[in-house]
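Reviewing the structure listed below.
Chain lettering (A, B, C, D, E, F, G and H) follows the sequence in which the chains are written, and residue indices restart at 1 in each chain.
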Amino acid sequence: MTLNVYLSGEIHTDWRDQIIEGAKGLNVAFNSPVTDHAASDDCGVEILGAEDDKYWHDHKGAMINAIRTRKGIADADVVVVRFGDKYKQWNAAFDAGYASALGKSLIILQPPEHDHALKEVNAAALAMARTPEQVVQILRYVLEGSLPG
Amino acid sequence: MTLNVYLSGEIHTDWRDQIIEGAKGLNVAFNSPVTDHAASDDCGVEILGAEDDKYWHDHKGAMINAIRTRKGIADADVVVVRFGDKYKQWNAAFDAGYASALGKSLIILQPPEHDHALKEVNAAALAMARTPEQVVQILRYVLEGSLPG
Amino acid sequence: MTLNVYLSGEIHTDWRDQIIEGAKGLNVAFNSPVTDHAASDDCGVEILGAEDDKYWHDHKGAMINAIRTRKGIADADVVVVRFGDKYKQWNAAFDAGYASALGKSLIILQPPEHDHALKEVNAAALAMARTPEQVVQILRYVLEGSLPG
Amino acid sequence: MTLNVYLSGEIHTDWRDQIIEGAKGLNVAFNSPVTDHAASDDCGVEILGAEDDKYWHDHKGAMINAIRTRKGIADADVVVVRFGDKYKQWNAAFDAGYASALGKSLIILQPPEHDHALKEVNAAALAMARTPEQVVQILRYVLEGSLPG
Amino acid sequence: MTLNVYLSGEIHTDWRDQIIEGAKGLNVAFNSPVTDHAASDDCGVEILGAEDDKYWHDHKGAMINAIRTRKGIADADVVVVRFGDKYKQWNAAFDAGYASALGKSLIILQPPEHDHALKEVNAAALAMARTPEQVVQILRYVLEGSLPG
Amino acid sequence: MTLNVYLSGEIHTDWRDQIIEGAKGLNVAFNSPVTDHAASDDCGVEILGAEDDKYWHDHKGAMINAIRTRKGIADADVVVVRFGDKYKQWNAAFDAGYASALGKSLIILQPPEHDHALKEVNAAALAMARTPEQVVQILRYVLEGSLPG
Amino acid sequence: MTLNVYLSGEIHTDWRDQIIEGAKGLNVAFNSPVTDHAASDDCGVEILGAEDDKYWHDHKGAMINAIRTRKGIADADVVVVRFGDKYKQWNAAFDAGYASALGKSLIILQPPEHDHALKEVNAAALAMARTPEQVVQILRYVLEGSLPG
Amino acid sequence: MTLNVYLSGEIHTDWRDQIIEGAKGLNVAFNSPVTDHAASDDCGVEILGAEDDKYWHDHKGAMINAIRTRKGIADADVVVVRFGDKYKQWNAAFDAGYASALGKSLIILQPPEHDHALKEVNAAALAMARTPEQVVQILRYVLEGSLPG
């Protein structure tokens, strides 16, 4: 069994690297969005031409990013969505809803201060984790049946 | 043609009433989540028994609310998601993602200051409106082909 | 919003009547399997002819009952599955799994002594209730937003 | 043609080993749940933290196990569900219902004393077998067209 | 519960009338193909213009008939397929396969001499009946839980 | 049986009126896009605000029109797509492809000079008609089994 | 592009071998039912135990064969269904209907004397061929764009 | 992540070669229709026999081409549809609609003079590009996150 795992959400800390590093040796294939913030914001206009209106500037970029995001989620067995402590992160919650409607197994990775605000998102998930290490332990257990410690 | 419209998101202003009032006479059936904040937070423990842990308190409530939300979105042709100027509103973005994956027609209702943060959500929508009146005008046009003014 | 509710599982107590009675006045349409135990066991051979082998006797009946069960679950928004204190009740658990795979909102109604044995079933549900009254309260809240007491 | 086979149900005898051993040389890929009973019960709290309430202890574990179970069933062409002679085994029946709703080919493996109690489950299956060897013979026939003896 | 029943297959005896007559008072909505043999054969060329080639003559008619057949099966909960004692009746078997792939509950109505030739079709059905009266009894049992006699 | 029919394509002649008039008395519910050309072009900017760039002007309108078009096609049993003798009519062909992928019964209404250019579209259809009267005759035959003349 | 092709229907001539031989070098993966008539008839009772009643003898076998047939059709891009000049061949027509409902590309291989009886089946197909060689030519054209001669 | 890309539409310039050449080294698998115009027009009659009527000549060919087109679109993650400056190109728009209904990510490649006529098609797309090079840049960004220049 190979597990396809999509790592959605917060892009300012190294949580993806921690999970990918921790999962070395496991039969997991990871995908994620483009995590270069500037490229992600500007890909639309850089490739398809400038826009005077910031709204359409953003729109063109968001649509190109959607090509990757949709593919990543559609191919995934498990979608991990990380909520950090800054920004609105509506795209993370959007991905969680999108993945949930497709019947993907959701793991939410979030700090305790967001518990109440994320209650609907967590209610759609199969696990709510606090640390990347816990996500790795879940993946290891799911694939190999072994528990930490 | 009857249009089923689900009104998701912000529950602290009267935008739903404005849309429902404005759409009087149109062939629209509206649904929405429970908008009584306290009831929505406590429905789980009120009905199924208290929890010591706030996390499970929230969880039981969010799962019961999901019965209504899922039904409302599943039945909808159009899902309007309103983002206000307060709170995290991750449940709103979650609903938008959920509706999008089901192929529902999305209308996002939001103030300009959220344009950048909502760019991925807007990119999945068929309309981004600023006022409840615009939503009504869209519904009227979709159903009757008539434009304002 | 009309809620279609399928009442699956245990057929030896009056829990269905309690829920239907309690939900009077709510916008709910109830369905359930044939609850006449003898008719349910013998419908196959009574209609389609006797079988020497008890296995095929049972088989013919179970297949005819499946016509009703599948329709009831397919049409449902909410599937309530009741586990009693007797019998194997594998058909109840089968219905729960079937409903879950179709994305129906599951409510499990069960006594505390089954908590551990039903943990996988409960993990797929949006509510675990102890009494028919709680199920009614959930339906009332989902439809009207009002809590008991 | 490679056949993906998920082996669900009873975890206290070596029936899985018998089938996997017997199917050596056939083009079959097997998957199964975690069959370490203790790990399966405790995975939730071992990874994500202890719970005071046994119900949530079970719940957290069951949800993590669901990541593996759902993936195993979703990927399967054939789901074999084994009912033993002990315990409630509602998770086995739940898996059978879940697999049936997804259109998987079901094989039920069970002793004669359960025939009546499993009649609804058997009615959804393409084969009811008594021994692991029969399951192997079915897989061999399906893949290679050859019969025993 | 209203049951939608599509009556497919043989068009030279009055079995449909017997079922519809027998089911009077039951909550059933029946549909069926056009049973006027000549109209069914010629509808294509009568409406859309003559064809020199008999193959296309047949083709145009069969495609128009498909509009009705697909709609009838798509809307059905139960598809009854009747095999008579004459003709090839491949359209009947085609409808059975089509309905089966859509997950419809199949009832096959056929004389004993076809048992072996119909074994694959019967294996996909929930009931194999010999008489229209038995079909009526199944519908009555499914809707009202009452058995004959 | 009520047939839902969506009338897509050319908006400059009265073919829709002819079909609706001819089908009076038949159990058909018709839907169609907004056929007021100016309103259809400008609905986006009239409701949601002007755009400097003609591309986004068109885009906003086309997305609002998609709310109606998608609903009309999704609800339809039969989609009639009319190709006239002017304009590119790519939206008509787009609707035909969209409807085809959803498994709708397609009827193409077109003049002979487009036969070759429409061969892929016709190959996905169940009927190719030359006149609105023929479409009416198909609907009458499908619903009532009666042929013209 | 690899094309998965399922070869359904008549099992008494070597048409499958002709197609497989003719398609050598093409990127095609073929599957087919068990074509050993005796094994196909008796697999149920040989593996799972004898039945007194011929109906159940046939039934058990047909259900085991369905494991292979469903998998073969589900995995296929193209389903070729061959009708010969003997027997009822209802399983062939059933497979054609099943494949059609799943949206598979159908090729019907049949002699001219069956044209009228197969008109509904042909109307669901993308090609009606007379010889195995024509089927090979279609596969070659679809994969490589080259025509015979 | 491997991206499956289907290149639909105009077959008279070398835009496909430019994209395939430009995408060398990227993890992309390309498919496209048969682009030999004469073969595409005549494949039906060349393989399956001549037709007197040009309509059926075209029809037989278009249906065989549909085997390849459907497979290509069904397997694709991204469908690029190119509109050139000649011909009706209704098959291109049909493919765009077909792909859109299946939820594929659409990229439209078209010259500015078609902007208005393609507004409904563009409204269903995630990108509207002017040059094959832009399509390559989108694919590179989606797969590797890198922007041009």
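Just so we're on the same page, contacts are C-beta pairs under 8 Å (C-beta built on N, C-alpha and C of every residue); 3 or more make two chains touch, one makes a residue touch a chain.
None of the values given here were measured: they were computed from a predicted structure.
Chemist: Moving only from a chain to one it touches, give the least number of moves from subunit D to subunit F.
Modeler: 2
Chemist: Please identify the chain with the largest separation between its CA centroid and the CA centroid of subunit D.
Modeler: Greatest centre separation from subunit D goes to chain F.
Chemist: Can you spot which of C-D, E-H or B-F is a repeat of the B-C interface, where more than half the contact pairs line up?
Modeler: When the residue numbers line up for over half the pairs, the pair is B-F.
Chemist: How big is the rotation relating subunit B to subunit F when the fit is done on Cα atoms? Please round to the nearest 5 degrees.
Modeler: Roughly 90 degrees of rotation.
Chemist: Counting in whole Å, what is the centre-to-centre distance of subunit B and subunit H, each centre being its mean C-alpha position?
Modeler: 37
Chemist: Can you work out the whole-Å distance between the CA centroids of subunit A and subunit G?
Modeler: Subunit A and subunit G have C-alpha centres separated by 44 Å.
Chemist: Measuring centre to centre with CA averages, how many angstrom lie between subunit E and subunit F?
Modeler: 31
Chemist: Please output the residue numbers of subunit A that touch at least 2 other chains, ranges allowed.
Modeler: 63, 66, 103, 128
Chemist: Would you pull the subunit B residues touching subunit A in the complex into a rising list?
Modeler: Per the touch definition, subunit B meets subunit A at residues 54-55, 58-59, 61-63, 65-66, 69, 83, 87-102, 114-124, 128.
Chemist: Please name which positions on subunit G make contact with subunit H in the complex.
Modeler: Per the stated touch rule, the residues are 1, 3, 77-78, 103, 105, 126-130, 134, 137-138, 141-143, 145-149.
Chemist: Which of the residues in subunit E end up touching subunit H in this complex?
Modeler: Contacts found on subunit E: 51-53, 56.
Chemist: Over in the complex, which subunit D residues touch subunit A? Could you list them?
Modeler: Subunit D reaches subunit A through residues 31, 34-36, 39, 42-44, 46-49, 60, 63-64, 66-68, 70-72, 74-75.
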